[in-house]
Structures are given as C-alpha cells and as structure tokens.
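Both complexes below contain chain A, partnered by chain B and then by chain C.
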Partner chain A sequence: MRRVLPVVIVALAALLGVALAAAMLALPPHAVRLPDDVAANIAVSGVAHPITAVLLNFRGYDTLLEIAVLLLALFGVLALVKSHAARAAHPAHPLLQTLARLLAPLMVLVAGYLLWVGASAPGGAFQAGAVLAAAGVLLRLAGLLPAWAAPALLLRVGLVLGLLVFIAVAAAVLGHATLLTYPPALAGGLILTIEAALTLSIGLTLAALYLASTEVRP
Partner chain B sequence: MSAALAFDLLIIAALVWSAARALIVADLFRGVVLFIVFGLLMALAWARLGAPDIALAEAAIGAGLTGALLLDAVGHLRAKREPEA
Partner chain C sequence: MSVGLLYALAGAALFAIGLAGLLALPHLLRKILAFNILGSGAFLILVGLGQRDGSVDPVPQAMVLTGIVVAIAATALALALARQLLELTGRMQLPEDRADAETDDA
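For the complex of A and B:
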C-alpha cells in the first residue's frame, strides 16, 4: 500500500497536468486583446509604464484589496506571537554588522529609485517595498534591530499608512467618477502619492512578518 | 540550435530539477535552499519571457523574503528538536 500510493498520486497529478494543458490549448487564441486596450488608454493613466498603469489605475481596486490582505496576514502573525515582551537582538559577527550598516542605506536608496522609476519602467511599490523589507531582515539578522512582537504607535501608523492613503484617495475621487477613477490631469501625482505610502507600508509589513515571528531561541 | 534556445532549455531543466529536488529531499534545510534556487531560476525565466516586473517581485519576495522566513522556521524546528535528542 505504501509503495502504491505515491504512484497513484503521481498518476493523478500527471492526469491533471495533461487535462490543464488540453484546456489551455482549447482556448481560442487572443479572445481579448488587453495589451491593446492598455496601450490605447495609457495617455490618461498618468504613468508611462503599462504594468504600473494596470496595477495602480485600471485595476487599482485589486491592488487596494491586496494591501488589505497583506495587512490581515500580519495581524494573523501578530496574534500567533506568544510573548509580547520586548526582545533584544543577538549581537552578530562584527563583520556582518558593518556590512549591514553599509548596505541598509544603499537599499533604502534603491527602494526610492524603484519607486520613482516605476512610473516609466519596471519597478513600483511592491518591488521597492520588498527591498525595504529585505533591509529590515538584514538588520535583524545582524542583530541591529529588536523583534517587533508588540509594534509601538509609530510603527502601527507606518503599517496602515499605505492602506489609509489608498482609501483616502479612493474616497476623494469618488465624487469625480466611479471608484478609483482618477482625473487624468491629477493621475500621475495621485499614483505617486499612493505608491510612496504603499512602499513604506509594504516594506514595514513584509519586514514585520519576519521580525514579529523571530524570537530568541529558547 | 541557437544559444538562446540552449539557454532556455537549460533554465527549464534546472527549474524542473530544483522543484523536484526541493519536494523530495529529506533534509529540510536542503529543501529550503533548493526552494530559493528555484525562485532565483524562476526570476531568470520571467526575465527571459520579457516580464521584468514579475522577475523583480519573484526574486525579492519569492526567493528572498520567503526563503528567509523558511530558513527561520527550519531553525526553530531544529531548536525544538535538539533538547529531546
């Protein structure tokens, strides 16, 4: 029985794979040409890069909900953290500490660049936030940051800022048209405002997912 | 066979190999390292497919942050097991 079961599972998985491939091949080619629609409307989106235009303008609602989901995930992690006592960091090897101290400002700079360049080239809030979070994880591993089991007020504000700014902008443009339809003249500025707040919040949230769950080894 | 096609075939082979190894290897630590390798190769594949946005996100979140979290979880599991052993 124990020998047969893996074979059965592999066979079923292979069958599912073949069925999915057959379903993909049966799809009509280019039923909807979304890239053409994006290219046709890129002028009113406020940004020059199609991915950013889709994420923050044409499908801004999806991004808004994604940020909320990310925040909920952090709430889940914080609820599972057993001890809320402030935990000091382990001092790591001096070489790692020096390297982390040198790299962290550079990573903040790279995050700022990715945020800015997102308007016209690959980049944007998620990538910039991930770089910020990586800087936080690096500082934690080097023993330069304490764990965030009980975030203080300033950190909490930073965590929810992106979502709040996003909702505030969505509410502000509600009178103009449907939800998250920016006036074309203001779209660029609004998207940059949202993305700047999102970068900070995404960076803090992703870092907190790591920093809240790491405790001193028992 | 052009160099680009050979490179793509190499990425595909390495992706399938690292994915399979990450799933079946007995040692958890090795599995996590293979998962990170898979993420970095996947980022390369996205870049080859002309999707640099997804490649950036995959490298940063898929390989980097998830890898760090998984490594930390392996460390916790080891610390839990050691007093019993």
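For the complex of A and C:
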C-alpha cells in the first residue's frame, strides 16, 4: 500500500492538471472587463499606475488585511523562537562585511526610489519593503546585525507602524464614504503616507521573519 | 494561443506538480517547497488568464502581489513550525496517523 500510494497521488494530480488545462482552453472570452473599470477611475485614485491604484485604493482592504497577516505570521514565528538574548552575530569574511556595508545604504536608496516610483510605474511598498528586508538579511549574513529573537521597543513600533497608519487613515476617511474610499483631492498624499509606513513595516517584518529564527551555531 | 494562456497552462502544470509533492513527499521541507510551487502555479494561472486576450489586467496582478506576500508569511511560519518539530522530536516528518502508530507500538 505504501508503495502504491505515491503513484496514485501523482496520477490523480496529473489528471487534475490536465483537467485544469482543458478547462482553461475551453474558457469563453472575458465576460467582465475589469481593466476598463480601472482605466475609467484611475484619474480619481490619486496615483497613475493601475496596479498601485488597485492595491492601495480600489482594493485597499486586501492590502490592509495582508499587512495584518504578515504581522500575525511574525508573531507566530516569535512565539516559537526560544527567547535567547539578542545573539551576537558570527563575524563573516572581511570582504563580505565591506561589501555589505557598501551595499546596504544603496539598497535603502533603491527602496526609497521604488516607493516613490510606485505611483506612476511598477514599484510600490511591497517591492521597496522586499529590498529593505534583503538589506537586513545581507547585513545579518555578513555578521553585522544581531538576531532579533526579542525585538526591543523601537523595533516593535516599526513593525506595527504600517498597520497602525493604514488603520488610522481608514478610520479618518470613514466619515467621507465607505471604508478606505479616499477623497480624490487627498488620495495621492494619503496613499504615499500609507505606502511609506508600509514599506518600513514590511521591510522590518520580512527581515525579522529571517532574523528572528536564525541561530548561529558555534 | 496567446502568451497569457501559455502562462496559465504552465501554471496548471506547476499546480499539479506542487499538489503531488505536497501529498506524496513525507519530508516537511519538501512539503513546504511543494506548497510554494503549488502557490506559484495558482499565481501564474491568475496572471496568465488575466491577460490571455493580449491586454494586461491590473486586478489579478494586484491580487497576486498580495498573494505573494501572504505566501512568504505562511512559508516563514511553516518553516518555524517545522523547525520546532525537529527540535522536539528530532524528525522532519509529521507523525503517522493513529492506526499506523498503534501498529508500530505493538
């Protein structure tokens, strides 16, 4: 039975893949034209790039919950990590340390650019946050950052800042219309405020997911 | 056949591969990897089907961007849980179900 089971699973999964492909090939043309709706409303969204408009304005609720999920995952990871005192980093090769010291400020600059350009071109809070997190991981790998098994107060503020700013903006515009419907005149500024806070929090959270659980074995 | 549809078909293949791996492979690290492949397949299907008529649809792209972040968060939590299991039991496998365990004990 044990030997037959994987074969059965692979056969069933292959069958599912073929059925999915057949269903896609048989799909009729689009019944709803969402890109047209996005293009028609982009002028009042506060940004010029359609994906950023969908993420932060038209479907802002998804993004609000997403940052909450990210934070919950970090809470889960922190709860599992045994709380040692911040472990000192293992010094890496001097060449890697020098490279990381050179690259980290550049990565912060790139993150800032990605955040700013997200209003009109591909980019935005998540891409910028990912670059920030990569800088954190690089510094950790070079042995320049201690592990974050127990984040201190300032770090905790940074981790929740994105979610709190997002909720504060959502609450502030609640009197205007439905949840997360920004007044068109303020939309651009509000979105940039949210995105700046999100960038910091996403970068710190993604970095912390790695930094909290790395253990330097002597 | 448009390029978008080709992406969606590749996504269906990845989904099937990931699903098979998730169910058939006992090692937890492989399960987590397979789960990510499965998720990537779903993302490819969403983005591919969104642009199968040639024009790019920003709505599925934004959904996939959200999905990627959630997938990263889920993967990180899964890795932390798997590591906890490794520290507690010394194994990177889920315990067998009850009937099998009783047979093993006997």
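The rule is short, and it goes like this: the second predicted complex is superposed on the first by the 207 of 218 C-alpha atoms of A that agree within 3 Å, B and C clash if a C-alpha of one lies under 4 Å from a C-alpha of the other, contacts with A are read in each partner's own complex, and residues count from 1 in each chain.
In this text, contacts are C-beta pairs under 8 Å (C-beta built on N, C-alpha and C of every residue); 3 or more make two chains touch, one makes a residue touch a chain.
None of these values were measured; they are calculated from a predicted model.
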{"item": "Partner chain in contact with A:Ile51 - chain B first, chain C second, else both or neither", "value": "both"}
{"item": "Touching partner for A:Gly123 - first (chain B), second (chain C), both, neither", "value": "first"}
{"item": "Which of chain B and chain C A:Val10 touches, first, second, both or neither", "value": "second"}
{"item": "Which of chain B and chain C A:Val131 touches, first, second, both or neither", "value": "first"}
{"item": "Which superposed partner A:Leu206 touches (first chain B, second chain C, both, neither)", "value": "both"}
{"item": "Which of chain B and chain C A:Pro91 touches, first, second, both or neither", "value": "neither"}
{"item": "Chain B versus chain C as contact partner of A:Arg59, first or second or both or neither", "value": "second"}
{"item": "Touching partner for A:Gly189 - first (chain B), second (chain C), both, neither", "value": "neither"}
{"item": "Residue contacts on chain A - larger count, chain B or chain C", "value": "C"}
{"item": "First, second, both or neither for A:Leu20, with chain B first and chain C second", "value": "second"}
{"item": "Chain B and chain C contact sites that coincide on chain A, given as residue numbers", "value": "51, 126, 206, 209-210, 213"}
{"item": "Chain B - residues contacting chain A, complex", "value": "52-53, 56-57, 60-61, 64-65, 68-69, 72, 75-76, 79"}
{"item": "For the chain A and chain B complex, residues of the former touching the latter", "value": "51, 114, 122-124, 126-127, 130-131, 133-134, 137, 141, 206, 209-210, 213-214, 217-218"}
{"item": "In the complex with chain C, residue positions of chain A that touch it", "value": "5-6, 9-10, 13-14, 16-18, 20-21, 24-25, 27, 29-30, 34-35, 38, 50-51, 53-55, 59, 62-63, 66, 69-70, 72-74, 76-77, 80-81, 126, 202, 206, 209-210, 213"}
{"item": "Parts of chain C lying in touch with chain A, wherever the complex brings them together", "value": "5, 8-9, 12-13, 15-17, 19-20, 23-24, 45, 49, 52-53, 55-59, 61-63, 65-66, 68-70, 72-74, 76-77, 79-81, 83-84"}
